[in-house]
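Shared between the two complexes below is subunit A, which pairs with subunit B and subunit C, respectively.
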Partner chain A sequence: MSIEKIKISEALHDLMPPEYQDMVEDATYGNQDRGWKDIGESKELIEQHSLCAGCPESIAFRYILASLPAPENTVFVGSTGCTSLVFPMVAVHNIHSLFGNQNAVASGLKRALKIRFPDVEKDVVVLAGDGATVDIGLDYTMQSWFRGEKFTTICFDNELYANTGGQESGLMQKGFVAKMAPVGKLFDKVRLPEIARESGCHYVACLTVSKPNRVEKVLKNAILVAREFGPTYIQLYTPCILEIGKQSMEGLDEMKDSEAIGGRFVFKEYMTDEVKEFLKQKDAEEKDRKKAAKLAAKEAAKA
Partner chain B sequence: MNKPVDVQNRVLKGYSNVQIGEKSKYKDTQTYTDPNFLFNEAEVTPAFMTGSEVIKEAIRRANIDLSVAYPITPQSEAAALIGELYAEGYMGDYFRGENEFGVMSQCAGAAFGGARVFTTTAGPGTLRAFENFPMWAGSRLPIQVCVTMRGVNSPLSIQPDTLEMFFLLETGMLIWHAETAQDLFDFILKGFIVAEMPDVHLPIAVCCDGFFVTHTKDTVALPDEKYVLPPYDPYKSPVVCMDMESAPVRMMRDPFVMKSNYISYMTQASWQLEVRAAIERSRKYTKALIGDLIECENIDREIIMIGSGTAVSQAREAIRLLGLDGIPVGLVKIKTLRPFPHEEIAEALKDAKKIFVPEFNVAGYLAREIKAVLPNNDRVVAGPHVAGGMTMPSEVIADEVKKALGMKTSGMTARG
Partner chain C sequence: MSDYKVVPGPEAFLPPAAAMMGIELPDPGEGHIEGRIVPEDEAIEHAARKFLGAKVPTIFPGPQILWHWNESAAIKAACVREMAEILPARLIPMADYRPKYPKINPEVEINPNHPNLTIWHNKIDVCLFVGVHCHQANLALKIIRGGTSCYTMAACGMSGHEDACLTIRDVHEDTLRKLTACIKKLKAEGVKSQAEPFEQFRFSREDRKPAYLT
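Take a look at the complex of A and B:
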């Protein structure tokens, strides 16, 4: 999308809702340096959300939207669950169709956009919960990886079905007592990051959202790699504080505890050698670009 | 809102996204052709081919962007032939999905992204895919699925049976039923045009009877393959094309799914009603392209047979047999189940004393649909109907009439 397209006709300016005016005047579409640090300083692409107070998913959503490399050319595919309550209030196109078919929808979408816009990089990003990704949608998740579909899959792993009231999911820890697991879950947490690696994903990361810098970096890596190589996968721990008996302010601690040494969410990242080389090169280019921009700014200030 | 349509002279107006006569984006031997010319004026040559090959020939001229395939009898051949078209460069993309639920979701994704999409399925595949169909309609995606109908029952059957069309009736899709190879060819091409009209913009199921149509050879009149339909214009959609080429706006303050209040229920209800209204609005385009939604022969007679698909072909032969015995019978062929031609059927059958509805399914659902729109519906005999792949010889249909008239039958009925 050309940035011009979101601009408001002068004659209609007063009629547009204030949040749209802000989006045109103060959002970060087209800004190469956009990232999580813009939060609080510019208009966010998420207007508001109806998630629970203190829900780590809400901050994950904000980091992701702030860190997309090109939101003006990004389309999200979601699924049923807590995430689907947020998408209607997000300023990028997003599709919600059914529960579990998100990677199949994204496959068709990415191919259609490739046909229709052969010269523009249109990023497709799937964002769904663990029930949608690992249980009901596992076939479609994995088959899209087998086929080498060029988009990023993000799983908000809260280790249960949150939106339906805390039932057991495949990503729940073994032994956890939940609805539909009345004597505790009987089998291990599904190792989806490893499955992703073996199923054709070129870049895989598993982490919590306690460190925004890391979330931003991982997201950018995943999207850049998906453009060039093929499927990428990010699993983010976004604990459901409501269903694990935590207070609103305890989400961050829960994430920090789980990523400490020996925890379930110690940061891990898998990538192919080709991707490692590619990302190294991208980082170097990025560094050079920023250095040149800084220099130019300095020169301009001098002049 | 409505496009100008001259039903009388069957002229459809309006293609602004491309120049008619321009070379196709996919195949430079093809040129974008005004559908009016392609359907009404282009010279045709007769070809003798299977229904599966007819599907291929229709798609060759349909200018689709993408197709997704999955094997299930009896549509596998057609789906593979479309793959050959892809290999020859007739479309943008083609691949095999993992199962029909995946396939229909992939079709949805491509249609959300602004592509003209075609797929095929049958029987258990239709049922596996089912959750997608009301979603397609509710999302206003003008995808075309060709349903080559077969049994869906257990024990396993791959034989012809039309029960799945019954299940599709309330999905919000347009449902057309082809009787012959020529119907199939015409319905596929014309189906795209009707389904993509901005005030219709709904998915369409072009149904045909598996094996009877897909695996038998029939003569079909084909226009030259240098002609191809103009491409779909996603920016005429009544809903936003999900390609991030228009300004993203907050769709709603809170998702309606979270609200338990009257406005939320009302929004959901009116959306569903609008889908139904769009089906009704398709009538004017459908009539302009395929003629009246029903075709009548000798409806001044006291006994009428009414049906859809190959049941009509069997009925036609039964009527000839009954004629030999001096029993005059009229015929009504239904071409579209959605929109359902209520008024047309009521009018055509107003003077009939006895109405027979031959069907290839255990439920006899078409008879129910017909009974629902007729006064004095005790005139309707819901049959004969066969199921599970049984054939319905014309003699069986003729016997049903004779039985109702208290006449001696040929004994075919007992043979099944």
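Take a look at the complex of A and C:
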């Protein structure tokens, strides 16, 4: 897709449901300053979702879609899981791959897009659950990192297989008893952020989605780094409130508790030295751009 | 050639795919009427007659013409609008292919996952698919033939559809204009439209309701 193609045929414009008319006129495609603060102010790229009420995954989806640097030039690759229930409602190109092979599909896609659109930066983002990323698809995930594929992998870590009733996953914490794992997890949570760092990811972050500013910054960093350097990985804690016995309104508290000092999801960020330098430079450029835009707006208002 | 005929249903809860029953797709310059391969002009005239003889003729424009993704799409959209006005026929968009649970509004939209709801609700007896991606059109055409008595027609930009009661292939602006011209010609010859009076709905962004409801 490109931004020039997001318009409705004039002759049939009045037949299109209003959500599409809104999307063309009020969404943030092509806006360099788009971010989570647009939520509620402009048309979101997620229309509805069929996740449970209060599901932190739905919050994560909103922040991610609001924070993509260029949604019109982004393709998501998803996999089986709760996330696959949401993708049909998302106004960004996406592919549903077979369970676990999302990083293999994304590798081919990224290479093909590079050949097909040599002059446009097309972002590929893998978004899958912990079952697809760490258990069933771990081989494909790691092989793509070994090969240095230039795309971002996001893992929605809810620490179990949620929509099949609560089976044990590799990212489940040790000792946790789930509905379909009554013995309790016998070994530690797989340390995928560390594995990612050692497997060739240039930027790795592990966090919850309780702080939208941080999610936005991490996502933008990961995508910008993937464009220039190679694979990047983000692990987001999106607890399944149903499977851990919480109420709809308790998801945020659960995330805040788990990121407190000593918790499983204390914010972690790894990056190589050259990436650190690159992001510093990007931040400075961004600051200058915003300053210039502000000045220009002021002068325009005066005139 | 197969003896099977792709006639309006209801055929069965799960009707057999017409291709499995021996129905073949037309070659370029041809169409099919109920599975019988005919020249394109004959299929176009038959489509025009079916439309004019219908009580609730309806056109379902799909995303390929609803979106202005290239100039040809916008021209085709204008051609479809003109055809609907000349017939007259309802226009009900297939804006997307989402399941849209828990419900859709069958009065103002159709989607391939439950097209029968739109057909039943509006009592549509003849419909035309245009600008719908083939894989979704196949799904919808089969469901309609399975559960309704609607006569289905498919104007396809590619190879046509076995599961439609009538199909024309390689449809572009000129093909749509040809169909409109044929409707005009038949009307000039005295064939009257049997369409029941209706008001075309229009969406407005302001009130989020079809304009005729306000």
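In this section, the second predicted complex is superposed on the first by the 299 of 303 C-alpha atoms of A that agree within 3 Å, B and C clash if a C-alpha of one lies under 4 Å from a C-alpha of the other, contacts with A are read in each partner's own complex, and residues count from 1 in each chain.
Just so we're on the same page, a contact is a pair of C-beta atoms (placed from the backbone, for glycine too) under 8 Å apart; a residue touches a chain by one contact, two chains touch by 3 or more.
Here the structure is a predicted model, which is why all the values come from computation and not from measurement.
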| item | value |
| --- | --- |
| Subunit B or subunit C, by number of subunit A residues touched | B |
| Partner chain in contact with A:Asn101 - subunit B first, subunit C second, else both or neither | first |
| First, second, both or neither for A:Met89, with subunit B first and subunit C second | both |
| First, second, both or neither for A:Glu10, with subunit B first and subunit C second | second |
| First (subunit B), second (subunit C), both or neither touched by A:Ser50 | both |
| Partner chain(s) touched by A:Ala112 [first = subunit B, second = subunit C, both, neither] | first |
| Touching partner for A:Tyr20 - first (subunit B), second (subunit C), both, neither | both |
| Residues of subunit A that lie at the interface with subunit B and also at the interface with subunit C | 5, 20, 47, 50, 88-89 |
| Touch list for subunit B against partner subunit A, complex | 65-66, 68, 92-93, 95, 97-99, 101-103, 105-115, 117, 131-132, 135, 139, 240, 242-255, 257-258 |
| Interface residues, subunit A side, partner subunit C - complex | 5, 7-12, 14-18, 20-22, 25, 47, 50, 88-89 |
| Touch list for subunit C against partner subunit A, complex | 61, 65-70, 73-74, 77-78, 80-81, 91-93, 95, 97-99, 101, 108-109, 201-205, 208, 211 |
| Subunit A - residues contacting subunit B, complex | 1, 5-6, 19-20, 47, 50, 72-75, 77, 84-85, 88-95, 97-98, 101, 104-117, 122, 139-140, 143, 147 |
